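Next up, some structures in structure tokens.
Below, subunit A partners subunit B and then partners subunit C, in two separate complexes.
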Partner chain A sequence: MATNQQSDPDELTDRQQAAVETLLFSLADDEFVLAERYTEWQVRAPTLESDLALSNIAQDELGHARLWYDLLTEFDYTESELLFERDPADFTHAALVELPFADGDWADAIVRSYLYDTAEQLRLAALEDAAYTPIADRIGKIRSEEAYHREHAENWLERLCADPDGRANVQAATDRLFPHALALFEPVDAEHEATIREFGLRSESLADLRERWLSITVPLLDSLGVRPPVSADGSPPELPVAYGRGGEHTEQWPVLHAELTRTYRELDRTNTRTITNDPDHAR
Partner chain B sequence: MIWEVFRQEQAGEYHTHCGNVHAPDREMALLFAQIQHARRKPTNSLWVVPQSEVSAVDADTDGVEFGGTTDKSYRWVSAYNVDVEFAEEIETSDREQRKAEGER
Partner chain C sequence: MVVHRKHPIVMNVEEVTERAEPRAFSPHDDMPEEYRKAATRMIQFHANSEIMGAYLERPFIRQAPSLDRKLAFSAKVQDEIGHGQLLYRAAESLGIKTRAEMLDELAAGEGKFLNCFHYPMTEWWETPMIAFFVDGAAMRRQATIKRTSWEPYAHAMDKICFEEGFHIKHGEDIMRELAMGSRREQQLLQEAFEEWWPRILQFFGPTDDRSTHHDFSARVGLKTMSNDELRQAFLNAYLPKAEKYGLEIPDEPRIRKEDGRYIVAEDDLDWEEFWEVASNEYDGSHEQIGSRAATQEAVAWVRNAIDRSEQSQP
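This part shows the complex of A and B:
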């Protein structure tokens, strides 16, 4: 339990504030961009039911992104600065969430969700006692929805892998996505990461979270007859060159960003309208 | 495979049929039913039942005679002609009951 808990954004030192911002941006950007990709499945999923389930998950992730972006407005960012006016190069999500889906590659959506939501579960648990309390306060709401996401992904994985063709698709998606998922455990930069730990924002190091993630995902995939791309001694593959986070994004990201800001630009908007109340002041 | 979905709003109430979902098995049916039939409604419990397990008997089946179709309005008090005095009595009692309920 952190002893130097802080609830007032104005009381943070500059270094602490920079670390909080860095953490919030990575959390929010992951959720936002993943939701954006998931919505591409709307009316295209294998069945009406799977369509609704994934759309529902996308909506959850958008809600979580909003909770995190909202905390950034406490540091005087406006909603347009956070999303629509922001340079795509400044986004710090892992490239895992920005990769496009091949046409009809449902196994990709399921594997991506499984790898992401397993990491998300560990990451959120480690933020439960964050020294900046507005972060800790929002964890419970998010975690309650994440359980469904994992159940959904795991149930689908089992069923896809029960069939040889389905398992081959899961294998291909795992080979492609697994190295990208490792970026979820990369810091945006070393200095802010050190403050995130010292200030007591996250109770575990990224390296420890990654180990725990590997100890869950590798055996599960193995049990389904899918070989995750880890070496015989269990060490994970190299990160891709463009892995997002603190590094470069793939060439797909500017395309996606242009798409999601298209209406904003076409309408010559210079700011966004806030349609929901600040969740902390809603009462 | 089609699963019929029954939703219970509060503990102790009946599970009421609310629609169906397509799902390959029981586990997925429960997962889908949560989104389709409980996400926006107060829900205490959901049942899913394979549609093939539901047995039915319909009004147009030969030899079936369901109730509720013959005129039984004579059973309702409004169907009777009552004298004026009696009507006043009912009105007074009605008024007293409304008053008592208002004060509760």
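This part shows the complex of A and C:
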């Protein structure tokens, strides 16, 4: 356990606060944008049952995003500033979660979820003793829900890969999404990343998390007859040019951001309505 | 001791009429085909409407102007799919059609659903028209179905009514926010209301003398209130609410109150359009059904892949 634990946002040094904010933005933005793509599946999934399952997952991710954004409001951000009025270029999610998908490409939803939720499991475990305790306090609730997401994705991977056509679609989604998933292990910026480690926010380096992620995902995909795009010696592919995080986003992101802020802009809103005050007790 | 035995022969309609009361019949009873078909038609319509309503509202998960609203809209769309699932199960229990057949009919443009879900909805300020008024109207009807004679249908309604209560509260909250917003928000809300109001009045269908299926359904206890009675109850509750939020009731269709009852000038409503909608022939019907069919076609490969791998299991 970290020795320099801190629970009061006002007691953080400027450098620590900047690192906490950077970490929270990347966690929140990943969940928020992933959920935004998942909701496209509502009323469009292969069966009523899979529709309900993916809706559940989308709402979990939105709930997690709210938990993280809520911690950012303690640094005096409003929801408008965090979401609706923020320059889309300033979002720090990995491009994995913003990528659009072809109509009916259910393999995309499943592979995206599998790659993301496996990374999420590792990332959250490494934050369990975060020196800034409001982060550590929220890990338990999120981890229990993410375990279900992983199980859902793994079950579907098995089912799809039991059929040659299904497996071919999983392969195509893996080829496309796998390089983007590596961005989940990229720092937003080197200086803040150093503070995240020194201050004791995350107990493992991003490079170590990435190695562990590869050691889980590569054998699992192999076992299903899907070839992950790694070289013979097991080294992963290059990051895509636009990978999000601290780098460029794809050209699809500003489009998505414009859609999700459309009503807010058209009605000249300057604030957002909160229905529940305490996100820890939300539905 | 009296041993209750399953009815040895299929009941005839006279017997059904005599025994009809809330939740009187279940899959343990041998119901006449006429009853089973009428109940299937009614429940299938209801289930289809849940799906098509969800279809119309899904884009507003993305367009919601706050994170909480987004969560609430996503939850609502999910609930409607869950209602569809429950209702198809209740319909299947009559033994006339399977769920897959009913979903195929919906995709093929043969399945019928509520008039309001045939019209496009593109703007956030229109959402209370469905989420408050149409859901409020549906709630009136659904509350009476808790007393329908087909027990699985009544049972599904217990859960559905409970959840719909939350949806209507959320719809009302969206409306309140718009009604108390800027002058422009108030105007947009009024415009949306004027456009949707006639459709909302037609939600309850034709007045009794034109209703095709009412007599039989009422006789065997499937329906417990007439369209006109339901509309009265709705107007009693919702006209004051519309006025409370500063909405002006359009001059047409003319509505006057006589001896405590609302009289709607039926000729002011476009019944030709209503019947076009009811037979899935309206432009909006083609749009909604066609795009729903396309999304279902796009994921057909998943169902095929699962079917094949399940068949090849030892």
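Here, the second predicted complex is superposed on the first by the 277 of 283 C-alpha atoms of A that agree within 3 Å, B and C clash if a C-alpha of one lies under 4 Å from a C-alpha of the other, contacts with A are read in each partner's own complex, and residues count from 1 in each chain.
Here, a residue touches a chain if its C-beta (ideal position, glycine included) is under 8 Å from a C-beta of that chain, and two chains touch if they have at least 3 such contacts.
Just so it is clear, the structure is predicted and the values come from calculations on it, not from any experiment.
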A:Leu206 touches, of subunit B and subunit C: first, second, both or neither? neither
Subunit B versus subunit C as contact partner of A:Leu124, first or second or both or neither: neither
First (subunit B), second (subunit C), both or neither touched by A:Asn56: both
Contacts of A:His152 with subunit B and subunit C, given as first, second, both or neither: first
First, second, both or neither for A:Ala45, with subunit B first and subunit C second: second
Which superposed partner A:Tyr264 touches (first subunit B, second subunit C, both, neither): second
Subunit B versus subunit C as contact partner of A:Ala136, first or second or both or neither: neither
Winner by number of subunit A residues touched, once subunit B and subunit C are compared: C
Subunit B versus subunit C as contact partner of A:Asp163, first or second or both or neither: second
Residues of subunit A that lie at the interface with subunit B and also at the interface with subunit C: 47-49, 52, 56, 159
Complex interface listing, subunit B residues touching subunit A: 21-25, 27-28, 31-32, 34-36, 39
Residues of subunit C touching subunit A in the complex: 51, 54-55, 58, 61-72, 74-75, 77-78, 81-82, 84-85, 88, 123-125, 170, 173, 177, 181-182, 184-185, 292, 294-295, 297-306, 308-309, 312
Subunit B-touching residues of subunit A, taken from the complex the two chains share: 47-50, 52-53, 56, 148, 151-152, 155, 159
Touching residues (chain side subunit A, partner subunit C) in the complex: 32, 36, 39-40, 42-49, 51-52, 55-56, 58-59, 62-63, 65-66, 69, 79, 83-84, 103-104, 106, 159-160, 162-163, 165-166, 169, 259-260, 262-264, 266-269, 272-276, 282-283
